[in-house]
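Across the two complexes that follow, chain A remains constant while its partner is chain B and subsequently chain C.
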Partner chain A sequence: MAASGVSAPTRTEVLHLYRSLLRVARQFCDYNIREYTKRRTVDAIRDNKNLTDPSQLAAAFFDGKAQLEVAKRQALVYSLYAPKVKSIMDIIPS
Partner chain B sequence: MASLAASSISLQPRHALATSRVSGLKLVSFTNQGRNSLSFGLRPMPARVRISCAAKPETVDKVCEIVRKQLAVPSDKPVTGESKFAELGADSLDTVEIVMGLEEEFGITVEEDNAQNIATVLDAAELIDKLCSGKSA
Partner chain C sequence: MASQFLRQTLTKTKPSTIIRRFSTAAAVASPTGYEEPTGVTMKGVKISGRPLYLDMQATTPVDPRVLDSMLPFYLSRYGNPHSRTHLYGWESETAVETARAQVAALIGASPKEIVFTSGATESNNISVKGVMHFYKEKKRHVITTQTEHKCVLDSCRHLQQEGFEVTYLPVGSDGLIDLDRLRKEIRPDTGLVSIMAVNNEIGVVQPLEEIGKICKEFNVPFHTDAAQALGKIKVDVEKWNVSLMSLSGHKIYGPKGVGALYMRRRPRIRVEPQMNGGGQERGIRSGTVPTPLVVGMGAACELAMKEMEYDEKRIKGLQERLLNGIREKIDGVVVNGSMDRRYVGNLNLSFAYVEGESLLMGLKEVAVSSGSACTSASLEPSYVLRALGVDEDMAHTSIRFGIGRFTTEEEIDKAVELTVKQVEKLREMSPLYEMVKEGIDIKQIQWAQH
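Here is the complex of A and B:
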């Protein structure tokens, strides 16, 4: 593969991506999808925590950004058809 | 400010502490009408001033709880306002998660730059108090 010249993301960019993914996760109305998104981002980011090779870092970061786009779109679409009945896990006992 | 304080105490004559001081403050406020010196009015007030440091203790406690849960700190290790996240074994990813947890708990939104500068529990509590008071004000 030719060197694409894509530079590795900086620490701040990665943290910003992490924060954005977690924020998007909060927007889902469905409890299950929300929890899954949170779990998956935590796991994925931690798995890639120790990468040092710049091309691997760039690939993982690009992957993360693509997933962020997907998540944003899906959060919007899900909210259009949100069920009226909330999941039992979302109901706070009063 | 001293005259305002005197008027607020006079509105609650039932308060035992205040009644004994109301007379004292009333006298003082009359004499201070001409001058703006606040030193007379502030001395008998210490019982009212609870917030001595920049963050409320209940906020600090809540933050400690969340940090303890997030970092799985063993119960014998103390988590106080002065504890730094790095000392408790948190890396930058943990800090992001802690800030997210705090946002959810307190219903606030922390900006990027503010979030980068949080290093101790007290920093987080002060930021939360500032954002909460900014929201309700």
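Here is the complex of A and C:
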């Protein structure tokens, strides 16, 4: 058996990553960052949907996991310094 | 979860109203005295929440991914990159060199050609004053435009006081310079041509490739202030034939207080340093390189390279939404500057028959600016709009909307709604608008003098 390094992610793994990213996006207290994280996740997963080459898939998945780690840390940091007053977009249901 | 508990503990409001019985010290005011749970009160204005931010040309929020890359250098890896004897210095130096390569990759240059400075203003100063002082024996003439950033214009004024000659090229009503005029103005003793890539007030993109060709033909160094262009339009130092380029960190979702200067090596351009000292940054800019800021700028540049296409497509759609949304509801809206040669994230609009200050006073829930942040302290209308030939009254009512990576459709819709409401309210109160609606031409009126 050739040890070929990282293998392509399974469908379950990708869905799990997608749901984790959306969950962490909801935890941002800053309106703009929250919306951006949600939107970027959806667009990135959609753009990479049609990749077939396993090494490309593995690279994209690895990148996604790294971004998830960054997002988790930053959600915490942003909440530590959350301003007392929220953005106007969060207050008025527009 | 531990992180939940940590967050709850640390965000409990501080007991700043405890009465200290045996202390004669004055009560310490809470650091954010203007923020109450019900809203914000500052400068006599009360709003229910933080305004939505549409001023991306003034500065941009720091991207969380950039902040993530910067924090370790404030916490544990705090060494001085110029310390050669220990791990702290080595790891700091490696980080600075990585950032240098990231910045260079974005503009198509080699890392050896990048010098880190404290911002685009400092880079502009080094370029304009440094180049002319170095070549002051042979070259006594500088060409620039009337719509440059204040730091370039002020440096040129400083050079004029020292005895150099400066030509300020006029711009057309679309904000672009006349290339034939530039060609005519170049003299044998022209030492520098300085033209900014994307204007910060009107968003117009100058024809840099053609200007670069002209400068190469006459063998004149070409400097461009690319602070607003970096990461937004495709920047290529080879295609543009620039010798010097100023870059800014806080316009591309990076930290404030850092910038870079690109200096071409082939053919080599020499400058006289403005900051003397220990010879850091190849002697061009002495002083400790601020590792966290530089790492942040590098991360921001790498991010910009990956996200440029996605951001541009999105921002273009948002700009159209904003412009169409406003134009559908009200007339008399003029876009300042060319619509074709423009960066999509900058929209400078003038509203006829409306007074600018009162319009801004009513738009407190939207963070926009009129003119540029540098000149908003003075009362006169922006010199950029004056150079475009915009009438005084239209120049006073100009508003600059800046759209960025983090702007959402809902924010655009809300900005449209608030702007339209405020403009309609002001026009209703305006006697001038009444006269216009009746068909009277305002410019033909002979105002009776009492």
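Going forward, the second predicted complex is superposed on the first by the 87 of 94 C-alpha atoms of A that agree within 3 Å, B and C clash if a C-alpha of one lies under 4 Å from a C-alpha of the other, contacts with A are read in each partner's own complex, and residues count from 1 in each chain.
The rule is short, and it goes like this: a residue touches a chain if its C-beta (ideal position, glycine included) is under 8 Å from a C-beta of that chain, and two chains touch if they have at least 3 such contacts.
If you're wondering where the values come from, they're calculated on a predicted model, not measured in any experiment.
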### Message
Let me test your reading of the model: by the given contact rule, A:N32 touches which partner, first (chain B), second (chain C), both or neither?
### Response
second
### Message
So in the superposed three-chain picture, is A:L80 touching just chain B, just chain C, both, or none of them (first/second/both/neither)?
### Response
second
### Query
Once the shared chain is lined up, is A:V42 touching chain B (first), chain C (second), both, or neither of them?
first
### Message
In the overlaid three-chain picture, which partner chain does A:A71 touch, first (chain B) or second (chain C), both, or neither?
### Response
second
## Note on the structure
In this superposition, the partner of chain A with more touched residues, chain B or chain C, is C
### Query
So, does A:L15 touch the first partner chain B, the second partner chain C, both, or neither?
first
### Query
chain A residues touched by both chain B and chain C?
none
### Query
Within the complex, which stretch of chain A touches chain B?
11-12, 15-16, 18-19, 22-23, 26, 42, 45-46, 49
### Message
Can you tell me which positions in chain B touch chain A when the two form their complex?
### Response
91-93, 96-97, 99-100, 104, 112, 115-116
### Query
For chain A, which residues count as touching chain C in their complex?
32-33, 35-36, 39, 43, 67, 70-71, 73-74, 76-80, 82-92, 94
### Task
Spell out the part of chain C that touches chain A in their complex, as residue ranges.
3, 6-7, 10-11, 13, 32, 35-37, 39-40, 47-53, 61, 64-65, 67-68, 71, 310, 365, 405-408, 410-411, 413-414
